[in-house]
Structure formats: structure tokens, C-alpha cells
Amino acid sequence: MSRFTHLDESGAARMVDVSAKDTSIRTATATGRVLLSGEAVELLRSGDNPKGDALGVARIAGIMGAKRTPDLVPLCHPIALHGVKVTLEIVDSGVEITCVVKTADRTGVEMEALTAVAVAGLALIDMVKAVDPGATISDVRVEEKTGGKTGVWTRS
Amino acid sequence: MSRFTHLDESGAARMVDVSAKDTSIRTATATGRVLLSGEAVELLRSGDNPKGDALGVARIAGIMGAKRTPDLVPLCHPIALHGVKVTLEIVDSGVEITCVVKTADRTGVEMEALTAVAVAGLALIDMVKAVDPGATISDVRVEEKTGGKTGVWTRS
Amino acid sequence: MSRFTHLDESGAARMVDVSAKDTSIRTATATGRVLLSGEAVELLRSGDNPKGDALGVARIAGIMGAKRTPDLVPLCHPIALHGVKVTLEIVDSGVEITCVVKTADRTGVEMEALTAVAVAGLALIDMVKAVDPGATISDVRVEEKTGGKTGVWTRS
Amino acid sequence: MSRFTHLDESGAARMVDVSAKDTSIRTATATGRVLLSGEAVELLRSGDNPKGDALGVARIAGIMGAKRTPDLVPLCHPIALHGVKVTLEIVDSGVEITCVVKTADRTGVEMEALTAVAVAGLALIDMVKAVDPGATISDVRVEEKTGGKTGVWTRS
Amino acid sequence: MSRFTHLDESGAARMVDVSAKDTSIRTATATGRVLLSGEAVELLRSGDNPKGDALGVARIAGIMGAKRTPDLVPLCHPIALHGVKVTLEIVDSGVEITCVVKTADRTGVEMEALTAVAVAGLALIDMVKAVDPGATISDVRVEEKTGGKTGVWTRS
Amino acid sequence: MSRFTHLDESGAARMVDVSAKDTSIRTATATGRVLLSGEAVELLRSGDNPKGDALGVARIAGIMGAKRTPDLVPLCHPIALHGVKVTLEIVDSGVEITCVVKTADRTGVEMEALTAVAVAGLALIDMVKAVDPGATISDVRVEEKTGGKTGVWTRS
């Protein structure tokens, strides 16, 4: 068998069979950041007023993005999502994004967490691109996952 | 008006009116990369055999992702896409992704190009995550856009 | 914590964690109506011939709409749906719509029932709008829900 | 031909041919309301703090809902949307919703405006349903449309 | 260049650039059939009563399927559809399906017509599968296309 | 009750209630073929080089199509998919397609397997249509299903 579990022995893509795996509580935490110009950061900070939707739009986009993961990532299983939290924090270099996804199902949810971070980042760039056309998404990665047969994995 | 064009004067999100803009040929090029362990790079390289689908899956995911942009990015206009090309190149540190999008419509296509790169990156991570759970998407950004009133913009 | 369960203590939106809730049989019944001109009602009644698709289109749209709920309602959990029934009845003032949704899952299905009613209403308006541009959707609401920790709730 | 333009002479549903219609600027305004308990209104008002996402979620859902119209309403044409604005105002009886949609295309956009109002209403109910399970969507209807061969239509 | 226009000179998939093609009226007609047992045909015929939804569901599914073509067929351009008609006729061997699609856009619509036929066939099988688990979709193909640079093509 | 289980006693479509059915391992195998000209077969064979995406695109489209089944087939339940394998084999008359779907859920997965075969066939036609505009999808049907109350069913 290929060491890439999504490929069979001939190298052809497939959705790998997980029907024999147990349903259990699984979580994944992913992070990433959007690097922004000082001007864009300043505008985001000053825009944090009662109706300022800029970060709110990105947060909603991230949560909805997690739900679209099996539509976007070809070999991902359609999976129940039982909790999604997306946090955005403005820092001097841009915006830090964190997503925590929780499920009680047969596969891990790290792709859902990564997708939420990436889509939140895309939505944020869309908000600021008129001001900062060079905005950049970086460091989108899994920080921790728990549950399933492999148990806890933490980025070292 | 807010300098964030997607927000109105009260800070509320909207899809900005572009009906008065001209239809013209517009292009956008975005790039990004997936940083991988040496082991994962080695497997991708050796897997480049007659039926090896690993990069192919990511390429298709990127092209399809470009088409899903208005579903993912809340304030993006649904827009005609007249050409999408996604290129993946294996390098020592991982995989470099480039996407070029072309349209003849009323708005730019930089969000579509960025989305294609991000989704190709997510699909690639999904392929390799059993081997490299620390795979990271970085440097997703617009390199160049042409067309429309603002003409050519190139990352400096 | 906010009394709005979809907001955390800071007011930020999230998909609330339901992984600890039990899987149980849950149902929800929602109703609504489309108010129509007498002429439109008359045409719907006379159109109820062997191949008349007008109400059939709305019924199918409602059932499919129930399945799209997590795509439309940002914080809704993607959930199994085990039965959906949409009923449309022509009355003198328009069309009465009823939807019953049943599941065996961790959250209630009232949003799915409401979405089915609203989408059936939208599809019906689309069918009659050339004849009755003033058609109006009203009184879309939950009538009853059963199952889960809170048991039976009935509109009083 | 049937007077319902979406049905052919035999009563069968179809997407009516608009290829001969002119591309022109068209707008549609739709309104609706969500009727809420006094307690829910009070919470929405007090929740209108710096990060309160309640109305923001409904606004985004409405804008994204407009884009999903051809997926939801079976016989709607997929159409370019060039501007979408969703406004929510808290009043004593609940929340008033207004949506204005603009396009330069071959068909009117009243279904898109109605869909945006309905989906914003559904998302708002989802936010408040733990506090007010009896929340009701009412009076979803077109107020005005402009453009195309029929010109301006205003609800009388 | 590859003779497969969706592949570039290296064999990699792409959405081919059509931005230089003219917008013109284009049509495509596709046909197909669902082969059924005599019992299933009999039931479909007897079910053709005032509220019998069996063929109606397949017709609606076909029309909606045409709109989903770019979501399903990876390299298809998202395209305006200006008219879709799906016809189903019960014959002794099953059901004959015909779809005519019309557009005023830059690419042909034969994939949309084929997709409508295939999805209508799938929906019909879903309706009858409890009675006829061996139902078969066959002969899904383009009969004629018009418009564009190549003009009229008719199956010989 | 109607013998078509998706229709109620009045002939109206519904998503039939399966909440009382057991969760169990279920599989379905469907097959089909795309009939091609000799020239197209030759090109597919010669294109089977290191980066030739032609069959790979169809395979991915089929797997993703399986996941879209409840979006396409109006009365299908949204269902967990735990394994999907799509195989394409070039033969003298065209390409043979086989799909095996596996789940641990409350309903069978034959519609998912059929949808995967049909969508793979559509994607393959899209790849070759410039060379072979007469390509035809045929013989899309269930070969075997296992699991659930009815146990094993095999095409005789």
C-alpha cells in the first residue's frame, strides 16, 4: 500500500474506508495568520466599533468554511461537526487566526480546522484588499489534535 | 465611506455595487507554498509515477476551488471565470503553487486566484498528512493583477 | 456566557459544542403561508391538472432546502436528516405550507423545518410572480418540537 | 402557454428562455420582519456591543443567501449579482429586514432579494431561538423593482 | 498542445481560456434513457395522476442539475444558462429523457445538457429503485449543438 | 401507500423516514461505461504518461460526485460516506467505470455509487469532447448491494 493513505497500491486516489473506525470525541486546533500593512492594521483596529463587521465577516466565513471542507478537499469524508470556534486577534503584523473543531465521529477533523483558518484568512484579505493588495496568508498548520486511535498529537 | 470598500459608512458589510464598471479582460496571479518534511517531499517525488494522483488531486481541487470562491468569501461577487491554471512544483522544502485566473467581467479575480492556491494547498496537505502532520501553508498572496480601471499591479 | 448560545462570552459567533449531547429521535414541525391574489389562487387551483408542476416544484424545493440548512444558516450544525415531509394546501388566501422533519442526531431540527417552509415559499413565489408580483411569505414559525433534553415544546 | 411562465403548455416546469432579453441595469428591493418576544428584543439591543455578532451573522447570511438563489429556487436562472445590501433594524416588535439587489443582466433580481431577506430571517431566528422559540418570519415581499422591459414596479 | 483541450502540453489539467471567444447564442440538445422493468413502467404510467410527482421530481432534478454542472465537472466554466427544458416520456422499455439548454455566453452548453439528462436519470432511478433495483441509465449523449465558431453539429 | 416509497399515499414526494432503521455496514457497487471513438481511445491510451490527468480528473470527479448525491437527487438522505473507490479502465470501446461505496449508516448507498459513476462519465466526456463529440454514457447500473434489512442483492 502507498504510504499516502489516500492513494491505493496503484497510486490512484480514493476515499479511504473508515467504516471500521470507532466513533469517538476528536478535536483539532489549527492556526494561521494574515500579514498586513501597518495601514491596514490601523484601519482594522479603528474599525472595531459597534457595527464594524470586518473581523466578524472573517469569523463567519471560517465557521462556514469548516462545513464546506468535504466539498473542497476531494478525498475528505463528509463528517459531523459538533463544535467550531474561530478566533481572530489583531496584532502589529496583521491578524492571528485560531480554529478549534470538535466532533464525535470516525475521522479526525484537522482538515476542517485548517480549512476554517484558510477561508477566514481569504475573507479577511477580501475585506482589506483595496487598502492592502499585498496581504498574505501564512503559517496555516495544525497545532494539536486529540482523539482516535493515535491519541494526542502536538506540534513540537 | 469606509476605506474598506466592503463596509458602508456605518461599518456594515455589503456586496459593493459594481454594475457601473466595465466588462474587460482581467487576470490575477497568486502564489503560495506548502512546507513539507523531507520524507514527504521524497515520497511525492518518488510517487510521480504513471498513475500517481497526489499533485493531480491538488491541481483539480484548486481549479474547482476557484469556482467556489463566491460560496466561500461572503462579499465576493459571483463572476464568470474564463480560464484557470494551477501549477504545482515540488521543491526541496515542499511544493510551490501558482494560479493564474482570467476573466472578462466587471471585477478583478485576485480572490479567485488566492482561493485556488489555498484550496490546492489544503488538498495537498490532506494527501500527505498521514506522513507529515506538520505540513504548513505559507505565503499565499497576489503576485500580479491586470485589467480594470487600476490596470497592472505587481507585488514590489 | 451570553444567553444567545451561539455567541460566546465576548459576543463572538461560534458553532456551539454539542458533542456531549445524546443521539435521540427528534422532530420539528414548522408552518408558514404564501399570501396570494385571488387570480393567482384561481390559477393554481385550475392548474392542478395531471402534469401541473406548480405545487410539486415548491414541495421539492422545500425538501431540498431542508438539506441545505447548514449551508445557509451560518452556525447550524451539519446534521443527519432521516425524514422530511412538506405539504402545501391551496386556501382562499394563498397556500399553507407545513414541514415535518425527523432525525436521530444530537441537535434539534427546527431550523431545517423552518428553512424548508421558507424555501418552499420562495419557490412558490417564483412560480406565480408573473401573475402576482405582490406575493408575500408570512407566519413562518415552529409549531412543535420533540426529543432531546427539553422534550416536547408546543407553540401556545 | 400557461400564464405561469415557468410552466409550458403541458404544465411541465422549465427554466424559461431569456436569451433574447437585453442586458440592462435592474434592481429589486424586498423587505420582511422577524417578530420576537420582548425579552429577545431586549437582549439584541443590549448585545449591540463592540463584538456583538448577532445582527452581523444575519446580514452575512442574507448576502450569501442571495448568491445561493439559483441553488434553492429550482427554476431561477443563475445570474450575475453586482450589488447586495442587507439592512437589519431592531424595532419593538422584532427586527425589520431590507435587501436591495442590483444587477446588469437579463432577468430581474426579485427572487434574489426575497431569498436574502428570508435567509437573513432564518439566521436571526437561529441566533435567538434558545431565548425565543416562537420567533416568526413575516411579510417577506417585494417592495419595488426597476429595469427590464416592464420598468418600475412598486407595491401599491 | 494536447489534442485534449483541457490538458496543457505537459498533460496537466486546466480550465482552458475562453476569454477571447465571442458571446453568442448557443444551444445543445442531449438525450438518454432509463431502462426499467415492465412492472416499474406500469407503476409510472398508473401513477400519472393529479398529484403524481414521480416524473416531476426527475424533471426538476434535471433542471437543477444543469445549474450544478460547473460544481460537478471539474474543468467546466461557470456559465450563464438562459433556458433549460427537460422532457421525460414513458415508453415500454422505460423513460426517454431529452434536455435542451440555451445560453448567450462564450462556451457551448453540451455538458450542461448531458448533466441534466444524467441527473434526471439518477433522480428517476431513486424514485423507482424499491420496485426495480436493476434500473439502468443508457445512451446519454449529445444529439445536436448550435452556435459558436463551429456552428451546427448533429449526431450522424 | 404507494409502492414508490418516495411518494406518500396521495402521490406527493417526500424524504421517507428512516430514523427507525439500524446503523449498519452497507456497500454498493455500480458500473457504467463511456463509449468512445477509436481515436479518443487511442489518445487516452497514449496520454497515460507521468502527468496525464485525463482519467485522474474523472476519478476525482466521481469521488466528489458521490458526496454531492443528496444535493442532486431530491429525495436522497444526507448520509455519511465512509469509503469511495472509483476505477476507470480503458478498453477498446471506451472506458469502463466501477464505483464501490461503503458506509455505516441507516440507508443504502446505491444512489451514491450510481452518482459517482455518472459524474465520472460526465467528467470524462468533458475531457474528450473536442476529439469525440459523440461520446456516450451507457449501462450505469447497480451491480451489487450489501447490508441493511434486505441483505445482499446481486444483479442477475
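The chains carry the letters A, B, C, D, E and F, assigned in the order they are written, with residues numbered from 1 in each.
Going forward, contacts are C-beta pairs under 8 Å (C-beta built on N, C-alpha and C of every residue); 3 or more make two chains touch, one makes a residue touch a chain.
Just so we're clear, the structure is a prediction, and the values are computed from it rather than from any experiment.
Chemist: In how few steps can one go from chain A to chain F if every step must land on a touching chain?
Modeler: Contact-graph shortest path, chain A to chain F, evaluates to 1.
Chemist: What is the touch distance from chain C to chain F, in steps?
Modeler: When the steps are counted carefully, the minimum from chain C to chain F is 1.
Chemist: Any idea what the CA-fit rotation angle from chain B to chain E is, to the nearest 5 degrees?
Modeler: The superposition gives an angle of 120 degrees.
Chemist: Can you check whether chain E and chain F touch via the same residue numbers (shared by over half) or via different ones?
Modeler: At the contact between chain E and chain F, which are copies of one sequence, the residues are largely the same (over half shared).
Chemist: Comparing centres built from CA atoms, which chain ends up most distant from chain D?
Modeler: Centroid comparison gives F as the farthest chain from chain D.
Chemist: Quick one: chain A and chain C, Cα centre-to-centre, how many Å?
Modeler: That gives a centre separation of 30 Å.
Chemist: Measuring centre to centre with CA averages, how many angstrom lie between chain C and chain E?
Modeler: 30
Chemist: For chain D, what residues touch not just one other chain but two or more?
Modeler: In chain D, residues 12-13, 49-53, 56-57, 59-61, 64, 68, 71, 74-75, 78, 80 touch at least two other chains, as defined above.
Chemist: Name the shape of the chain contact graph, picking from line, ring, star, complete and other.
Modeler: Its topology fits none of the listed shapes; call it other.
Chemist: What chain-chain pairs meet the touch criterion?
Modeler: Those chain pairs which touch are A-B, A-C, A-D, A-F, B-D, B-E, B-F, C-D, C-E, C-F, D-E, E-F.
Chemist: Using the touch rule from the top, collect the residues of chain A that touch chain D in their complex.
Modeler: Going through chain A, the ones touching chain D are 48-53, 56-57, 59-61, 64.
Chemist: Could you list, by residue number, the parts of chain F that touch chain E in their complex?
Modeler: Listed in rising order, the residues of chain F that touch chain E are 2-7, 10-13, 32, 43, 47, 49-54, 56-57, 60-61, 64-65, 68, 71-76, 110-111, 114-115, 118-119, 121-123, 125-131, 133-142, 145, 153, 155.
Chemist: Which chain F residues qualify as touching chain A in the complex?
Modeler: 25, 56, 59-60, 63-64, 66-68, 78, 80-87, 102-104
Chemist: Contact residues on chain E for chain B in the complex?
Modeler: 8, 12-19, 70-71, 74-75, 77-80, 105-106
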